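After this come two complexes, each holding chain A, first together with chain B and then together with chain C.
Right, the complex of A and B next:
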């Protein structure tokens, strides 16, 4: 009859003392500088190529686009997009920002976009994969389940702990990205405008809803979407961890599913029903950027629904199996 | 005959018609017994007889196919959170979290039950005598220390019933002796203990009453000494003229000769005695037989009584069932 808070405390302590989160932070501390260095090299290269005056270049683009806005031959929806572009370019000019040089926030944004399909799920798996199977392979599950606590409460406390750590992973990734890349690129860029609202339907991009939002809002939206995708991965990993006795098997199963998803998305599949698989729907942030979805007919709403349903099914299976299964060894 | 103590009537654990099938195979075919307050109850059976499966059902790790398990009147399967409050257990090995210290492990399990204070944790640490190493990581512990920590964990909630599964496994002789004394102390304090083993001698040394399980069925429940007396005790003869001696023994109607491959005496007992004659006979016939051997000029080098093994006990019990 112990209260849930005490159970969550137990689970949190175990994950922490197992140094799983420490490993995640360590990986971030090693990998982020590598990418910062790569980004710095790219910036240096392009700076050498375009040695001209960037302010003059910006001014030119603004003039060109403004002129195009006056033309009758351009459809109205394109004009909207151009108006937003002009707005963005004007912002750069007004705030003395060279759009070719990255700052800490654009780096973070770019890193998060690339991390959503593989990197962050990998870190989530580092924690989720042995949450239950770890107790089974070491035999501690026998102590855990013979205490006077209902089984669903134990699994629920593990789920709450998992949610806490998933959130913590995403926050730490953003914070570490910003702090490390800021050393090189400078700690600014929160207010910089960025386009959102692209709607891709078939081969056409509908730009009628495009508008600029400050980058901090973009990063926030991005983090929210990544959190949703990561929670789906975490819940499915929890399910596999309940079903499979060995931690290695549980980790490999989930990793294989996620990598398969990444490959399928890149194949720009004509296999339409593949869009109902959870692993091709993980790249939620691509809807913010307005890149075409891997399979026709996928929208942000659709992907959220698919992920939500998979997560729900994962929860149902996890709880049904965990509360009923016989612990035979 | 400690079962006759008057206060030992309250039933702490009651197992009624327990059955378990996995797939189509029936593993446990009917297990029933009661454990009373303050007694040490042995659960004896060879490996693979269903001991561990039964124990796992007692603590809600495995759901029985049919039957009931009541701890202090609460159904373990329907109300695990109320029934298991009265139970402390170690199922097989005492596995704890190796990356936590002994103390952190105890704190972990204390949080899973209401009303266990830091004072109680310190108390159980003292009971099992672990004060010195309690703040070290469990992965540095020896098996004996893990065993102690496991018992400390089991005692946290002041249980009325302590379940220990093969507790002497892996302990050295001194450790086993200490454990026996410890178990007796707990029982004297009013706790019931349920101890499984595959060794008859261990149960004889530790327990008041015993349930014997074979092939998924309880074949006998009762006082340990009474049960043991039901099986044949061997008398082993070592004579200087074995052939003549054997003929004399064969002629005696009160003596049953046992062939070389029919007995189940441990090989170590018969080592170095290739000509030993194994018999089953009443204890009070031995002196007379010795006298007759001497009269016939047959020298008696040794006579030895050998207690039955667990297998012998089974045989005795199952034969008894057939006759009855």
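Right, the complex of A and C next:
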């Protein structure tokens, strides 16, 4: 046990000293202000139009989306999405709750909802992709494997390290998002009510299970779901990193899979078996939001199972290959 | 010997700093992990075993309009409802008559004029509008408005023109059909205006009358114009009975040189057509 802990310590310090996490934080520090600025412009624009009357603004969103429903040029899948959105917004309006109170927590919530499919996986890959292949390209893998330590322990310590860093990345994203956007939008909003529990069934939204929760709880649940999706990405990246020699190849392979998933979620609704791909299931937060899933019949339980099975398969392959493979050059 | 202890000390110092880094990093990461696991667990619980949730604050509807003359108000609020004419379909600039009229009114009266909301939906019939008038958003907007602008009825009378056949040719319009639709549509208009009035007792209601979109079709020009006239007359009758409502005539705007003021669908006005409607609204409101 002490042995394993020492290995984890070693791996954690290695990733830190390689400045991988520093890069992630740097990316966040550059990108979040960009999004905050864009959001600020949008907010200023609508404040000018609606003079702070959020009900009018909300109704305007409902009307806009309803108008789009009448258009014949919009594909049926998008209409389904809009129809659900209209019913949700109407629910907010009927209960006199502003779904977009202007504050840092609302911004963080929106940012995380959008970050789950591409942005967070990208940052996870920054650390996961060279965890094993990085040792190969520098040759240090030989040093590591000649130690009197079982190979599975080495890979296991890397997995634990990865888990720790994935958690750090997600929490840092939330915290930095809150701190930076708070400068513009104000550090309030933890207690604002948010509705969850919208059930999308076909064209209709079932509101019987809808209940209000404070926004901080929403952000916490959202971060938890993002963590699960990110862990699947991290484990699969670890697997690719075991299988592929170069870090670049490993990174590109995973990135291609993630981007393909993002594209597929937008167009795969008629290809039903695509729902068994891990990259179509990454957007777990959509179940919290109550937006229609990319493919009919997907639920939170289903997506968790698919992601879990992919992660399990990734672990089995990683350990099987890593403990057996010959290290040449 | 001296040198040896120096190296030893240096190594110890390094080991020390690494240990501290590991302790800090490890603890922080572990705390994050536990927090996220808690969030994950809570999300599952909330999704599968939802509880009643927090109490939602009581609804506090927006302030209602105060009434009185438009000239005496610091700011004029406009709510717009109805069909594609109020949406502004056919206007390449996207302004429609509502925005154009609001801007012109602001200039003419030298005070801010704000469109609270344009709630119009393309293809809406009067009976559908009547249903929508129960929606929270419609109630909110109408309650606080000083002026309610609307167009409705065109789809009640002419909607079959869009079902099959080219609208421009008016292929399936028969005068007898128009005639048979009129009484029911008139009842719907009456109900819509009564409902708006019940929501806001003081707003000035501006009903933009119908024009004959088939004026350049000789086959039904006379009959269709006749129906439009009777419709507008009925709307005028309702407006007079209401006392604070006005019908803005538009039929005469689209009778000559119609191609200049209708958009390419031969049914909706273009930006020039909407600008003329807006001119009349401003004249009525001043």
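Rule of thumb we're sticking to: the second predicted complex is superposed on the first by the 276 of 329 C-alpha atoms of A that agree within 3 Å, B and C clash if a C-alpha of one lies under 4 Å from a C-alpha of the other, contacts with A are read in each partner's own complex, and residues count from 1 in each chain.
Just so it is clear, contacts are C-beta pairs under 8 Å (C-beta built on N, C-alpha and C of every residue); 3 or more make two chains touch, one makes a residue touch a chain.
This is a predicted model, so every value here is computed, not measured.
Touch criterion met: A:148 reaches chain B, while chain C stays clear of it.
In the superposition on chain A, A:139 makes contact with chain B only, while chain C stays out of contact range.
Look at A:93: by the touch rule set out above, it reaches chain C but stays clear of chain B.
In the superposition on chain A, contact of A:327 is made with chain B only, not with chain C. Legend: residue contacts after superposition of the two complexes on their common chain; A:70 is shown touching chain C, with no touch to chain B. Contact with chain C, but none with chain B, is seen for A:59 once the two complexes are overlaid on the shared chain.
After overlaying the two complexes on the shared chain, residue contacts for A:30 are found with neither chain B nor chain C.
With both structures placed on the common chain, the touch criterion links A:9 to chain B and to chain C. More chain A residues lie in contact with C than with the other chain of the pair chain B and chain C.
Across the two superposed structures, the residue set of chain A contacted by chain B and also by chain C is 9, 13. Across the complex, chain B meets chain A through its residues 22, 53, 56, 59-63, 80-85, 87, 89, 91-93, 95-100, 104, 108-109, 111-114, 153, 157. Across the interface of their complex, chain A is touched by residues 18, 21-22, 25-26, 28-30, 32-33, 35-44, 46-48, 50-62, 87, 114, 116-123, 135-138, 140-141 of chain C.
Contact residues of chain A toward chain B in the complex are 1-2, 6-7, 9-10, 13-14, 17-19, 138-140, 142-150, 324, 326-328. Chain A meets chain C in the complex at residues 8-9, 12-13, 16, 51, 53, 55-56, 58-60, 62-63, 66-67, 70, 90, 93-97, 163-165, 167-168, 170-171, 193, 196-197, 209, 211-214, 217, 220-225, 227-228, 287-288, 300-301.
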